[in-house]
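Both of the next two complexes hold chain A, though its partner changes from chain B to chain C.
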Partner chain A sequence: MAVLRRNLTAYGFLCAALFCFAVFAWYPMIREFILSFQETNLIDPPTWVGLDNFEYAVGYPGFTEAWIATLQFTFLALVCGFAVPFVVALVLNELRHARAYLRFVVYLPVMLPPIVAVLLFRWFFDPGPGLFNQLLGLVNLPGLAWLDSPATALISLVIVSTWMNMGSATLIYLAALQNIPPELYEAAELDGAGILKRIRHVTIPQTRLILLLMLMLQIVATMQVFIEPYMLTGGGPAGSTVTVAYMMFQFAFTNQNYGVAGALGMMLMIVLLVFAAFQLRLTREDKA
Partner chain B sequence: MKRSAGLLVASALGLAACGSGQQAPPAGGAGQVTITVACQPAKSAPKERQAWDDDVAAFMKANPGVTVKSTDQQPCFDPKTFGPKLAGGQMETVFVVPVTNYDDVIRQGQALDITAYTGEIKNWDDLRQDVRDLVTKDGKVYGVPNVHYGVGLVYNRKLFAEAGLDPNTPPTTWAEIREAAKKIAALGPGHVGYGEYSGGNTGGWHFTQAIYGRGGSILTDDGKKAAFNSPEGRAVLQTLHDMRWVDDSMGTKLLVGWESLMVAMGSGKVGMMLGAPDVVTDVVGKFKGSVADYGITGFPEAKASLSGGEAFMINPKATPEEAKAGMRWLDFRFNTVGKGRFDFARGKAIGNPVGVPDNAVYGDSPTGQAIQADRVKNASLPVENYDPYVKASAAIPPKAEPVHAQEIYAILDVAMSGVLSDEDADIDKLLADAETKVNAVLAAKG
Partner chain C sequence: MISVGARAAAGRRRAARRPKPIDTGQFRTIISPLQLNSRWGRRVYWAVLVTVVVTFTLAFVFPLYWMITGAMKTGEEIAQMPPTLFPADPTLDAYAEAWNLFDLGTLLWNTAYYSLGGWVFCMLVDVSAAYALSRLRPMFGGVILGAMLATLMIPAMVVLIPLYVTVVDLGLLNNPWGLWFPAAANGFNIFLLKRFFDSIPRELIEAARIDGAGAFRVLWSVVLPVSRPILGVVSIFTIVTSFKDFVWPLLVMTDSDKMTLSVGLSQTAGMVTQNAVMGGLVVASIPTIIVFFVFQRHIMAGLTAGSIKG
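Presenting the complex of A and B:
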C-alpha cells in the first residue's frame, strides 16, 4: 500500500496513457480483427462469414500487384530513406560551422503538414512548368513524365516520401553519432585509418543498434504508404502505384466493403508484426 | 516513423467505427417530430445558406410539429464518410446519394423503402419514369430523384474563337472533335484541346460515358459478364491514344480525380471535355471560370448517354412519422415549382448561376415545362450557349450505370491511364486485362 501511495502520480500518468492506447489503438485493432470475419451493411447486425473476406481479398484482381508495388516502394524507400539520412548525418557531424542552421533546414520538411508537402511536389513533378523538369532543362536534359508514367511514378513517390521523412531519421542518426566517444576516432587515426575505414570500423559498429532499429521502423512505416498515392496518383498510372494500404482504403471508403478492407488490414498487420518482433528482439539484445 | 502508428490506427479507427453499434433514430416526442436534412450550403456561401435557412423556417411554419435540423457537410455525399456516418448514428434522416451509388446503397439495405410515402411528393407522377426506375428495385421505391442529366460536350467558346473555330457550330463528330482539339492545342504552351480523366475512378466513369455514346456497354444485359472488350471499347481508347500521342492535343499531365479536370477547365485553357451541364455550373461557380466562355453541345454521334444525377433517400432507421416529414421537406424544398431550389428569381437575386439546363429530372412533363420556363425567364447565364445541348440530348436515350460501378471504374482507370501515359500501350491487352478483372469481381460477387 505504501508503495502504491508513493507511486500514485506515476500510476496516474500510466492510466492516462493506457486509456489512450486502449481507446485509440487496441480497441480499434480488435474491432478490425472482428470485422475482417464479418459482412456488414452498417445497418443490420453483421453476419459472420469465416474466411470469405480473406479469400475475396486474395482472389481480387490487383491483389498481387498491390503487394508487389508495396514491396517495391518499401525497398526503394529504404535505399533512399535509410541511406540518405545516414549520409547527411555523417556530413552534419563532421561540420564545424552552421551545424545548427543546417540541422534546422534538414528537419524543416518534417514540420510541414504532409498534405502541404505532397501538394508542393505535385507542382515540382508537373511535366510542363514543374520545377524538376525546369531544372533538367537548364542542363539540356529532356523532361520526365514523373507521376504520369508507370515507369517513373513509383520512384517519384519514393522521392516525396524520403523528403518528407528524412529529417527525423537524420536527427536520430546525428544523436547516435555524437554519442560515439571521440577517443575511438583518435585511436583509429593513430592507427592510420582514413575516413572510410573510420566509418567502417568505428562509426557503423558503434551505431549498429540504432541502424537496425531504424531499419525495422522504416520498413514498418513505408509498407503502409498511403498519402502519396492517394494524393498524387490515385493508384495510377495503369495501376502502378496501388499499394496495399491504398487498396484497403478503396475497399472501405469507395466500395463500402468494410469486411474485405479489414481482412487486408489484418494481412498487412501480420506482415508488420514480424518486423515489430525483430525490433523487440533487437531492443532486448541491447538491454542484455 | 510518424506514419507507422498513424495509418494502421487511423484506418482501424475508421473501420472500427464502421462496424460498431446501431444508431438511434432521431428524437421526437408525442406529436412532435425532428428530422435532420443534408445539403445545407456551407458558411462560405452566406447568401445561399440564408436562402436555405429561410426555406427551413417557412417549412416549419407550414408544418407545425416538425423540427428541421440541417447539416452542411460538403459535399453532401462523400463515400468516405457515408459508412462511418451510418455506423455512428450520424446519418441524416434525409440524405443525398449520387447515381453511381444507387445500386450499392439500395442493395445493401442502407435506404428506406419509401413506396408508401411517394404521395407526399405532389409532382411525383411528373418525375421521369426512367429516372424513377433507377431508384426502384423489385417494385419498391428507395429514393426521390433530385437531379438528372445526360452527357454532352462542354467546350470553351473563347478558345474556339481564338483557334479560328466557330463557337456557334461546335463539333458533332469525333473526327471534328480531333480537328478542333488540334487547333486549340496549337494556341500555345499550356493549352489542351481535349481534357480527359484517368484516375481516382473518374477514368473508368468517363470510359463508361464514352463507350455508351458509341453504342457499347460495360456489362452484358444480365450484368454477369464484362462487355467492354468490344469494337466500341477499342474505339474509345484508340481515339484517346491518338489524340494524346499522334495529335498531341491532350496535354502531358494525367488528370486524377474530379477536381483536376474542373480546375483545368476553369483555368480557361482546356478546349473540350465530356460532361453534363452541371460542369458549366461548377466551373463557373466553384472554379472561377468566366461565365460567357462556356457552352455545351450534344454528345457527338451518341447512341446512348450515361445517366447522371442524384436522389434523396431516407434513413432506414427513420420512423414512419420521420419518413413522412422528410418526404414533405423534399416536396417543399426540391419539388415545388417556384419554391426552394426552383425559386430562380431568388437564385438570380443572390447571384447564383441560373440558366444552365442542368436538371432534366422532370423531363417534358407539365412540371418540367414550368420549371424550364421559369429558369429561362430568370436566367443569369447566356442560355443560347446551351441550346445545342438541349436540342441534341432530347433524342439520346439514357443508360444506367453498371452494377458495382465503383469497383469497375477503378479497374477501367487502368486502361484509361494506360493509353494516356504510354505511347506504346497495347489497347487489346489493356481491355483484355480489365475484362478478366471485372469478370473475376462479378464472379466473386455472384
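Presenting the complex of A and C:
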C-alpha cells in the first residue's frame, strides 16, 4: 500500500511535466519522422509518399549549395567563435585589473535579444553611412559591400554571430582556466618551460575536455544558423547565404511544403546527432 | 640561477621604489608573479591591459553607444557621411517616434506577459517534476528522466516544424499557451533542479516527515526554502530566454497585436527610419541590460555551473 501511495503522489507531481513533454517534445520527435514520409500542407489530408520528399530535397537546385554554405559558415564561425574566446580567456585570466569590467562587457551582447544585435549590425553593414565602411574610410581603405556581395556576405554573418555569442564561451573557458592547479605551472616553470610551452603542456591538456565539449556544442549550434541569414540577407545575394536551416524554414513556411521540410530536417538531425553523441560520450568521460 | 636571483632582487628594489607592485592575489596562472613583476613583465602587463580594455570597450560597448546615440540623432544626421561621433542636437524624438510606430507599449506588455506567465507555469511544472523524480522516486523514474534529457539532444531547429504542426493541430496559434507549453518541457531545468534537490540532506526531510508533513508540505516548507539559489538561477534563465526568443514567437504569435517585442521590431524595421529603429532596439535592450546589472553574479554562476557539468 505504502509503495502504491508513494507512486500515486509522485505521478501526481509528475503529470503536468509528463503532459508537456509528451505533447510538445516527445510527440513532435515522432511527428518529424512521420512528416518526412508524407506530403502535407496542413490543409488537405496528408498522403504517404515514401522517400519522395528526400528525393525531391536532394534533387532541389541549391541543395548542395545550402550544405556547402552551412559547412562554410560552421567552419568560419568555429575559427572565430572557438579560437577567439579561448585566446581571450587566456589573456583575461592573466590580467589582475579590470577583471569584473571585462567579464561584464564580453557577456553583454549575449544578454541582448538576438534581434537587437542583428538589426544593429544590419545598419553597421550598410555600404553607405554604415559604421564599418565609415571606419574603413577613416584609414583610407575602400569600403566593402558586406551583405550585398556573395564574397563577403557569409563572413559578415559570422561577424555578427561571433559578436553576439562569444561571451558565454569566454566565461566558460575562464572558469575552466581558474580550475587548473597552480602547482602544475610551478612545476613546468621549474622544468624550464617557457610561456608557450606552459600553454601547450599544461593549459591545453588541463582544459582538453571542456574544449572538446564546447567544440561539439558550437558545431551543433552553428549548423542550425537561421536568424542571421533570415534577418540580414534573406538567403542572398545569389543564394550564397541559404543555409540548410534557412532552406528548411522556406520549404515549410513559404511553400507550405512541410514534408520536404521534414525530410531536410531529418538529414540535418542525423548529421547533428553524430556530434551530439560524441558530446554525450565526452560528458560521461567528464563525470568519471 | 644567479641571474634569476639578481633579477628578483632588482625587481624587489624597483618594487620598493614604486608604490604599487602588481598584486597577483592568490591565483597562480601561466605567468608567475615574479615574471609579472619584473621590469619587462610590468611594461608588457600594462601595455596588454590597456590594449585589452580599449579593444573590449570598442568591440562591445561602442556598438551600444552608437545605437543609443543613433536614436538621439535626427533623420538627416543619422544618414550623414561622415557620421558624427556625438549627436549635434540630441533629441528624444526618435524614441517617441519609435514608441508610436512600433506600438512599443503593446509589444512590451505582450513580451512581459508571455515571459512572466511562462516563468510561473514553467516553475510549477519543472519544480514539481524534479521534486517527484528526486525525492518521491516513482517507478520508471529513471526512464522518465532519461527521456526528458534525451530531448536536449534533438536540435531545436529540427523540432521546430513538427512542433509547429502540433501546435496548429491543437489550435494554439496566437495563444500564449502555444509559447508556455513547449517552454515548460525543458529537460535542462528539470536536470538542474533535480540535481540540487538530490543534494538536500535526508535528515532535513525525514524530520519534517516525522512531524507529519505530507509530500506537498515537505516541498513547500523544506525543499523550496533551501533551494533558493538554484530557483533563482533557473528563474532568471527561463525569463531571459523567453524574452530573447525570436523564431518560435515569430511562428506562433502572428497577429500584430499579439506579437513579442523581437518579432514586432523585425516586422516593422524595414518600414521606418534608421533612428526610429535604433530607438526601438534601445527599448528592447534596456530590460535585459537591467536584469544583467542586477543579477550579474547569478547569471555568470549559472552559466558555468550549467555548462560544465551539464
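Some notes on this structure:
Throughout what follows, the second predicted complex is superposed on the first by the 260 of 288 C-alpha atoms of A that agree within 3 Å, B and C clash if a C-alpha of one lies under 4 Å from a C-alpha of the other, contacts with A are read in each partner's own complex, and residues count from 1 in each chain.
Note that in this section a contact is a pair of C-beta atoms (placed from the backbone, for glycine too) under 8 Å apart; a residue touches a chain by one contact, two chains touch by 3 or more.
Computed from a predicted structure; not experimentally measured.
Contacts of A:258 after superposition: both chain B and chain C are touched. Within the superposed three-chain model, A:106 lies in touch with chain C and out of touch with chain B [touch as defined at top].
Of the two partner chains placed around the shared chain by superposition, chain C is the only one that A:6 touches, whereas chain B remains out of contact. Residue contacts after overlaying the shared chain place A:192 against neither chain B nor chain C.
Of the two partner chains, both chain B and chain C are touched by A:268.
The partner of chain A that touches more of its residues, comparing chain B with chain C, is C.
Legend: residue contacts after superposition of the two complexes on their common chain; A:142 is shown touching neither chain B nor chain C.
In the superposed model, A:182 lies in contact with chain C only, and not with chain B.
In the superposed pair of complexes, A:96 makes contact with chain C only, with no contact to chain B. Contacts of A:250 after superposition: chain B is touched, whereas chain C is not reached. In the superposition on chain A, the residues of chain A contacted by chain B and by chain C overlap at 24-25, 27-29, 31-32, 35, 40, 42, 128-129, 168, 217, 220, 224, 226-227, 245, 248-249, 252-253, 258, 261-262, 265, 268-269, 272. Chain A meets chain C in the complex at residues 6-7, 9-14, 16-18, 20-21, 23-29, 31-32, 35, 40, 42, 90-98, 101-109, 111-116, 119-121, 123-124, 128-129, 131, 134, 137-138, 163, 168, 171-172, 175-178, 182, 185-186, 189, 195, 198-199, 202-203, 210, 217, 220, 223-224, 226-227, 231, 245, 248-249, 252-253, 258, 261-262, 265-266, 268-269, 272-273, 276-277, 280, 283, 286-287.
Those residues of chain A that touch chain B in the shared complex are 24-25, 27-32, 34-35, 38, 40-44, 46, 56, 59-62, 126-129, 145, 147-150, 165, 168-169, 217-218, 220-221, 224-227, 232-239, 245, 248-250, 252-256, 258, 261-262, 265, 268-269, 272. On the chain B side of its complex with chain A, the touching residues are 1-9, 11-16, 18-20, 79-80, 82-83, 86-87, 104, 108-110, 189-190, 198-201, 203, 251-254, 256-257, 316-317, 406-407, 410-411, 413-414, 417-418, 420-422, 430, 436-438, 440-441, 444. Residues 22-25, 27-32, 36, 45, 48-49, 52-53, 56-57, 59-61, 63-64, 66-67, 70, 78-83, 124-126, 128-129, 131-133, 136-139, 141, 144, 147-148, 151, 153-168, 170, 181-182, 184-185, 187, 190, 215, 219, 240, 243-244, 246-247, 251, 261-263, 265-266, 269, 274, 277-278, 281, 284-285, 288-289, 291-292, 296, 299-300, 303-304, 307-310 of chain C touch chain A in their complex.
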